[in-house]
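Same chain, two partners: chain A is paired with chain B first, then with chain C.
Let's look at the complex of A and B:
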């Protein structure tokens, strides 16, 4: 009998516990994300979404449990783990005195990426930032334009895992559609995407799975249907409202 | 290009786009250049004045007519201390100590005519020299350029994004050190260029200039690195700025003034009047060389008569009053020297106290280094006083010897010797100390500066670890 070859998960979190001082934030979080999968992590304020991302990036040392990104423990070897991930923060923080192109070029160089100006221009084109804005300083950019630059940076990194913190915040509906198309194209390239979001509509549109994080662990998970409507939006909305109230 | 080099380059790019920073840097550079040229000009003018006065007083001395040698002992000589070549860079205590001494018999006069007493009141607040700009103002500029270097990244959350790209806290901190360190050396560059040009013209030794550049490089790097370190440990740029300004006030303003006060309280010096009274008392104890009935000099007369095998002073082949003057000068000089030595020992104790505590204020260390290398420190001044005193003693004793030997050949009620004799009296020529003589004054302050840099190096890994954890 033939056995399926073992595929290493892109992200693997098992029984993760973490507390800030006396306050527990994560209480036995389990999450596995396969290559080419888009996972939307939803939850109310203080549910532990940002702490989950911090654990994946190796910014915190969890109390117990394990975290692996492409088989690398980010606490033991944060540099190697971060080389596998691109991260888009909620409040995009780039350099105001640099242009869009200069920002991407600088952060790419910091990540030791060998990708050149062609990759930067392709990423800027993919996120739909007008080429006339590429060489303008960020000080004159709207929140949505900054978001696009940050996403372009993440795409230009060309890494197997994307961590997105409220990626559609500040984007207009058309830009959200474009963004979802980008994520779909990343999925086809076997990139695993973990996005923390409050945007249920966008999540329903693009995610393969949606998890509800309540009080430090995933209480419920829904998987996209192969045919027909991918998710039951009304049911999700009720669940999400409940999760928000629980928080 | 390494992450550290990239971060350093970004610091420079940020400065290049920061008009206020550029303006402040340009002003400081301009100030260093203006200070260098005005200070050089002032040094040349003072040097020319002193040379002219010295030539004039020498000429007047040589032009004295035939006189009794003892009249010449009291006519005396003015000697002028030449300005050390690098005193234009750091005037040190030169402006406040006298640079002219009137040398005469029986007395040790103090140096007079300090520049600060002859110039406008503004000079009393410190001359505008490159050393003043580098010691006092450059640290402020380096604080201004560096206080936000890391704290800014934290406040704007760019730190989180940087760390997410895979760089370590160590690389980030090293990059900031590199960026601010190069800026610090660039700020010092105009002053260093002036020093190199000065050495190239042969006005001073290359070794001294190299040590001066090394000392100021360490001083400027210290402030650049301190700014980055505090910025790395602070949560917000304004917190870092407050801490750094506080440190500047303590290190540059408070301690250099408080420590000498503490030293004065610990080792009290006699006032000038107290010293004069004590000296006068000591002089009275040995007697008066001008009093023929003085017991000490009566005893001395008996010894002289026995030495020459005669019964009366009139039978002596030499002028007895000349011999009395030689003996009297020997005695009074010993008492003056003893008093000066006691005073110098107390001053040395005070200085040692201040220098011991210079570990708390590296400004004291750089100031001591700078003045010692420029030849304008208190030790150089004391060296001038010592050389002037040694010259005075020889000059007075030479005239006394002329009186003893030549006067018996002169007849009449108003005996005088030829004016030609005055030309045999040597002229004072100050020999500046060799650089090697300064080594004992250079080691401790250099150690203090390097010690501060070492403490920053020890604290850096701790700060780097803190930065690495700041992504959360």
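Let's look at the complex of A and C:
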């Protein structure tokens, strides 16, 4: 990965500590994500992945350390920071009684976005949802189609940072490939993507860097190779298994 | 798209929300319609009785009129009509008008023997109360608020949307959602009231006061929905919590408090006063006439010295007997009325802590259909009865004939002026309760907006 030190990082986390009650969750987490970079954050349950996303979204006030999104502190100014990010939760269920188009339109309205129907249609096209489904209620959609709508919402917001929580969970292999194609297109548009995932295969396929979060800090990071196979899948698998055991 | 419009679409596209709102609208319309029909029925009854009354009086006049007409005979047989026409706002809060007489024909005989002479009603049917707008407001509106508001937060959390919603940059999500639901509920319950008010030519200020009461009561329940819904983790628990609040606040506590008030302030039945008065009147046949007149003169000294008559019977003795009968139960009557007033006062105090009772007090006072309104009607009957008696006494004690011209001079009852008023105490108490609960709910929602996992 080519670094551009003169460009402000999209996400910058330094020495982040946080605990829930007496239980420490993050213990000195450091993470920098550049524009146009896709970072896969992996780790076992309770490793602190969701807390990391919560810190970026300004849902929690960290015990110590700093968090910045495009130079904005989400704790000090959550509204401005959130305007820079689109977040796709795991297994998000949008409103069943609204159509795909209406759902995106609704959430865009909530985010004070002025993007209109052209942006919505472009996003729905980008995620590969058939136009015949755009005006159908979500109650008849498959899980993959719903996920596409959620991702279309994130794309329609046209923000510099995407936060994805288990984005490929429940998607079939073909849908995962389509999803990775989308992320690649986002990367080309200089969008920084932080995805929290258990899907090692997908991460290997699309990520520029893969970090293993163990006990609240990134214990190891692997960078994609410029040529040949991008990652050593076997080595990553061993590392991931170790991370899961540690959790 | 504007966020409020988007929120409105979201609200109205939900089958459950739409059903709850339509149901409330239909029930409000039905309640207003029932109220109007009931009031029209009471007006028709009054008109019908007025027509019958004119015919009845004419027959008494024909039977007794003449150069030597007998005032005593006339006072005995001529029933005079008193009526309490429904106030214009009664259609919305029927209150006591469903149970208490609104037409009463009285004679110059003892008043207490006539005042409670009304139709009997089935107490089991009377127990649930009448279906009117006030009923919909106090008992059904909270259920609709629960349907619309219990899962505002929990529903989003359960479907995994809460974090997504909170991650969006915009502000005022909960405020918009609650304000929109509040507006929709108020429209569903308020529009039928306004239309009913126009149809019944009700004073705009009265309708406005009722709407203000409804707005505060509705705000109280939405505040509670924010508080409970924002505290509980699941929609089921939140719904159960809200239903529990509804049962306790609108059913259990008012029932317990009413039972306590009834125990604390026992009230004799009106019919007991009637019986006591009748017994005292009948005792008059068995006691010396002087004793009866002595009691009578205590209230009417102006006729002292004119009690003598020849023979065994004279109407003046008979009416003095009745008047003495009334005087003999005057203490009981005062006690009865004081007990009613005390109960009314305790119910008013109860309204300061129970929003449902407070709202009930407010709308019934405004509609003039509460106990105070009923007592005001009784007072006006008592005043009229005094006029009637004092009209006849000169004929009886001065042995004057009663002619057709005298017949025309019999005083007629003028319906009382309405006493409907703004119950400021309950209104302020309701405002305070709504403010406190909404503030607590808003704080809870703000906490969710700021920090949610």
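By definition in this document, the second predicted complex is superposed on the first by the 242 of 247 C-alpha atoms of A that agree within 3 Å, B and C clash if a C-alpha of one lies under 4 Å from a C-alpha of the other, contacts with A are read in each partner's own complex, and residues count from 1 in each chain.
The rule we apply is simple: contacts are C-beta pairs under 8 Å (C-beta built on N, C-alpha and C of every residue); 3 or more make two chains touch, one makes a residue touch a chain.
As the structure is a computational prediction, the values presented were derived from the model and not from experiment.
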{"item": "Three-chain arrangement built on chain A, chain B and chain C clash or fit", "value": "clash"}
{"item": "Comparison of chain B and chain C by chain A residues contacted", "value": "C"}
{"item": "First (chain B), second (chain C), both or neither touched by A:143", "value": "neither"}
{"item": "Touched partner set for A:60, first chain B, second chain C, both or neither", "value": "both"}
{"item": "Touched partner set for A:110, first chain B, second chain C, both or neither", "value": "both"}
{"item": "On chain A, the residue positions that both chain B and chain C contact, one per complex", "value": "54, 57, 59-60, 79, 82-83, 85-87, 89, 91, 93-95, 97-98, 106-112, 150"}
{"item": "Residues of chain B that touch chain A when the two form their complex", "value": "1, 3, 6-7, 10, 13-14, 17, 156-158, 160-168, 468-472"}
{"item": "Footprint of chain B on chain A - complex, ascending", "value": "54, 57-60, 78-79, 82-83, 85-87, 89, 91, 93-95, 97-98, 106-112, 150"}
{"item": "Of all residues in chain C, those that touch chain A in their complex", "value": "1-3, 5-7, 9-10, 13-15, 159-161, 163-171, 173, 451-453"}
{"item": "Chain A residues within the chain C interface of the complex", "value": "50, 54, 57, 59-61, 79-80, 82-83, 85-95, 97-98, 102, 105-112, 150, 163"}
